[in-house]
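Order of writing sets the chain letters: A, B, C, D, E and F. Residues in each chain are counted from 1.
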């Protein structure tokens, strides 16, 4: 099947900052994304778990964004500007998709 | 450690269609998969969130399938046939696994 | 943007064994990880679903670990030693990150 | 009781006000939200309670022909209303054939939440319906879908392509019938019927006493979801379609009234049948249609059913239907 | 009360019927399902309520030696029943040593949900057990695991390999003792004991009044999970193993009866001890065994305990045990 | 009632004991846990119930100037207490300017859960507060944040950089005001006010009868979360900071007492105002500060508010504040 190369951006970010991240993505012209829940984790800022929590502070989710390699740098820079202040990490990898025009 | 190359298929698909996708995978001889929940998202069909929802329509999950490169094309074609009618996207990437015979 | 290559380890493992996996990771000097929930799945050990369950036996989660390629082999070996006895699978892939020193 | 008294009694009841609070919270972009698991559990509880209570009432009353008549009336309404709805949509709006059929399926089928709210309101308004109306509600879920699939006709068949052939209408019918909320409704109804008042005694603190309070929490969620759905998708709703979401319930209610009078329902049950006919599904039908008619855009029908028709029925429709039902049956003052 | 009256009273009670509804819904492939978070919360609530009530009864009654005797009886049963179970499995089935030990651990330990259902049934059947039976239930959770690990013996030790050495039986014992449901059961028991009837007064609408209704919802879930487990995994259950899942509860119940008579329990508490001995764990033990005995295949023991033995106990076992308990203690008519 | 009787009555009440059980379970590393969805739902229920009841009491009582006075008192306390807290932290600890401002914001704002527990204890201790205290609680949530942002001052402004300019204090204020629990509290308050005692009658089994039982379950969760938070993060808390978490509530309570006396509150309401002033937010403020002051380390303020101050207030503070409130208003024996 005919596939084309895209970039897969994964952003693990603290929950209160998700609306801001979405605003950043929207502003950068990103057409779609998916937010995946996370259960628990550990990092430089300590460990966390969502069990029993009633506040969104100190908890992470993972935002998955498939974008065109052409816009990767712009998007990455803006996302990174946000992540310099909020807790979170970014990863980038390669991915093949079928309907290239959709991303 | 001895690892071998497999293909990682990720299918973000609307929930009501998951049983069909599973039937397609089973028919194609796929041995295993994992369904991951999603929280919210946006795409060409608008944005959605699982918060407070009581219907499975209009919500997505992510199905992760590790398969052998040899069967990728067959599986991809069948999955894509389903996704032409249902809301969803497919991604393919490379992955190394340890026990190659299990996939 | 300046990115550097890391390894992305994904471990789908039965829930009761997660504390052990975390102990293994900690012992191996891994600095961070994220545990993602899973909804259902199928494999050599049969199919499972978290719907309505009150025991953690027979259910999976996905542990995502970004590590330096230099330590991959050590970590992989220890994780695999655990997975030889517990139900689960491991995948390894490449990923680019921005702040290399954090992983 | 005149219509204003009824409307006021309905409007200032806690359940309706919590629904309005949910709408407001959504519109002021509050982050108030009910977790999905809780929303699902609340709906399961309400369905279970309403089914059980209906069954207990069946056990207390005596089984007679009017039950069969009412169920038949429901099936006929569900099967025929989509034709009317489809025709109106094709005539007055620009939505395509497939989308029109999908919307029509929603309006022919019923909203179990609206039914629950109406049952509660009926008690509040001192015109409770009979227990067998639960069975009528269950019977009305599926027929509309079959009609809608026939209406969608060749367009759907073509797009289903080769694989579509396997997808018979019967299988869709089965899928709907095995839908969780319907199985639970019918199951709880039979359990109530079997265990009767003695069974109710044992569980009434859970199934009866806290019912209306739980309904408040659930309608808060429905308000949030309806409000957010509107905010997200109001653009897909053209004025003609919104109009349909407001007048179709009235047409459905009148059809329900006629049919209900024919089979001799009394005021409470008649009000419930009118509400059922007026309501539009947003749990079972949307999910089923994603498989049976995937070409239909879910945003249109879901937003219309949940964002327009549900609030309309809840706030204005239900008191109106019950007022009418009392009027035509000559009940009350 | 003869056994048929008891069986019927049990069978047509709403909790049991909702369990059966869950089974049916699973078998007809309905998509009815209770979210995981809700299922967990329901089980926490039930454990908390049963523990608290037991404690309050302790505060009301007077503490005497029979409590210690009953707890000791429970520990002995839990520690020794796995030997019997293991022997029977090795003799009559083809499951391996490790799997046999794992299954035996489930049957030596107890199912807290079965205990809760039995406590409720006991009230329904007018033979309530005493408050301290909660402590007996808690004491019976862990010993069986230790026995099973000894039974699994060299095979397990070998496969544990180098790292396995760190894994002492004590650590497994600790892990079970820190299991959430046991901590909650014991904690709630002590809280009930400390606050006594005055504390109960303040919380009885939540912990007592709605209890049976919540149990209905929970057993609906158990029916769904048991039914789906059977559908998924019935292939792993050979006839001999299924037989074990049906006669082992009876053997356990008889052992429980003997031990309970020895320590002088009255009818209600005796019925509960028999139920405990007859029941097989499917919350704490399965999770603990995944660590202590990972070579055992969880599909076998879980499907057997939840899919065969639990329904058997719930529907047929409990009335039988209570009928026997009344008979041998000379209680009732 | 002397302070020991009050303290004992508070301590051996089921809600407090379940909180302690949660702490113990966390400390013994039990895997007991309440699913997130349930914890959120319990808190929504409690907020809804407390708001609704407050509103119903408003409808029953008569609206007068003291309500305005109490709300004003609350706003002043919330706006000024952070200055005191900030000064004390800068003087006695080594936390930086930003962290000190963040902590001060938590202590100026209020913990709605502490308020709920205090309302329940107040009833238990026979000194219920007035309905309007719900409005006071709502009014005290946000002002502290604005003060804290001013205190964080130039440091925050610099780090916010170019984008930070868009982030006005007003927008933070709005964000807090649209926070789910505040919208629900105020909304439920107005619904209670509108529907009055008649509305309450319809829903009291849910909102009143089971309230304290639900509170038990919720405080069990709070104990688990507080205990685990401490286990995870106690290292970030230096002794000076822990000290602040213990004496700041007392200072807040005294400030609350003075202000409350000024506006003429009676014993119950005074005790509640003192509790509000003494409590530290751990739902709304932590989330808001992650956006308004992201440089602050959440581990410090959250662990302090939930792990130190909340247990202190719950176990020792509340009876102390109510004893003092009764003393200075000359209430009771």
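Going forward, a residue touches a chain if its C-beta (ideal position, glycine included) is under 8 Å from a C-beta of that chain, and two chains touch if they have at least 3 such contacts.
In this text the structure is predicted, and so the values were computed from the model without any measurement.
Under the contact definition, chain A and chain B share the contacting chains C. Among the remaining chains, those touching chain A as well as chain C are B.
As for how the two copies chain D and chain F face one another, under half of their interface residue numbers coincide.
Ranked by separation of Cα centres from chain E, the top chain is A.
With every chain reduced to the mean of its CA atoms, the largest distance from chain B is reached by F.
Averaged Cα coordinates give chain A a centre that lies 45 Å from the centre of chain E.
For the pair chain B and chain C, the distance between C-alpha centroids works out to 19 Å. A straight line joining the Cα centres of chain D and chain E is 41 Å long.
Among the residues of chain E, those touching two or more other chains are numbered 33-38, 40, 205, 209-210. Residue numbers of chain B whose C-beta contacts span two or more other chains: 36-37, 93-94. Chain pairs that touch one another: A-B, A-C, A-F, B-C, B-D, C-E, D-E, D-F, E-F. Residue ranges of chain B in contact with chain D, taken from their complex: 14-17, 20, 45-47, 49-58, 81, 85-87. Taken in their complex, chain B has these residues touching chain C: 1, 3, 6, 8, 22, 31-37, 61, 64, 66, 93-99, 102.
Within the complex, the chain E residues that touch chain D are 12-14, 17-18, 21, 24-25, 28-38, 124, 205, 209-210, 212-214, 216-217, 220. Every residue of chain D that touches chain E in the complex is listed here, in rising order: 35-38, 40-41, 44-45, 48, 52, 178-181, 183-184, 187-188, 191, 194-195, 199, 202-207, 209-210. For chain C in complex with chain B, the residues that touch the partner chain are 12, 36-44, 60, 62, 73, 76-77, 80, 89-94.
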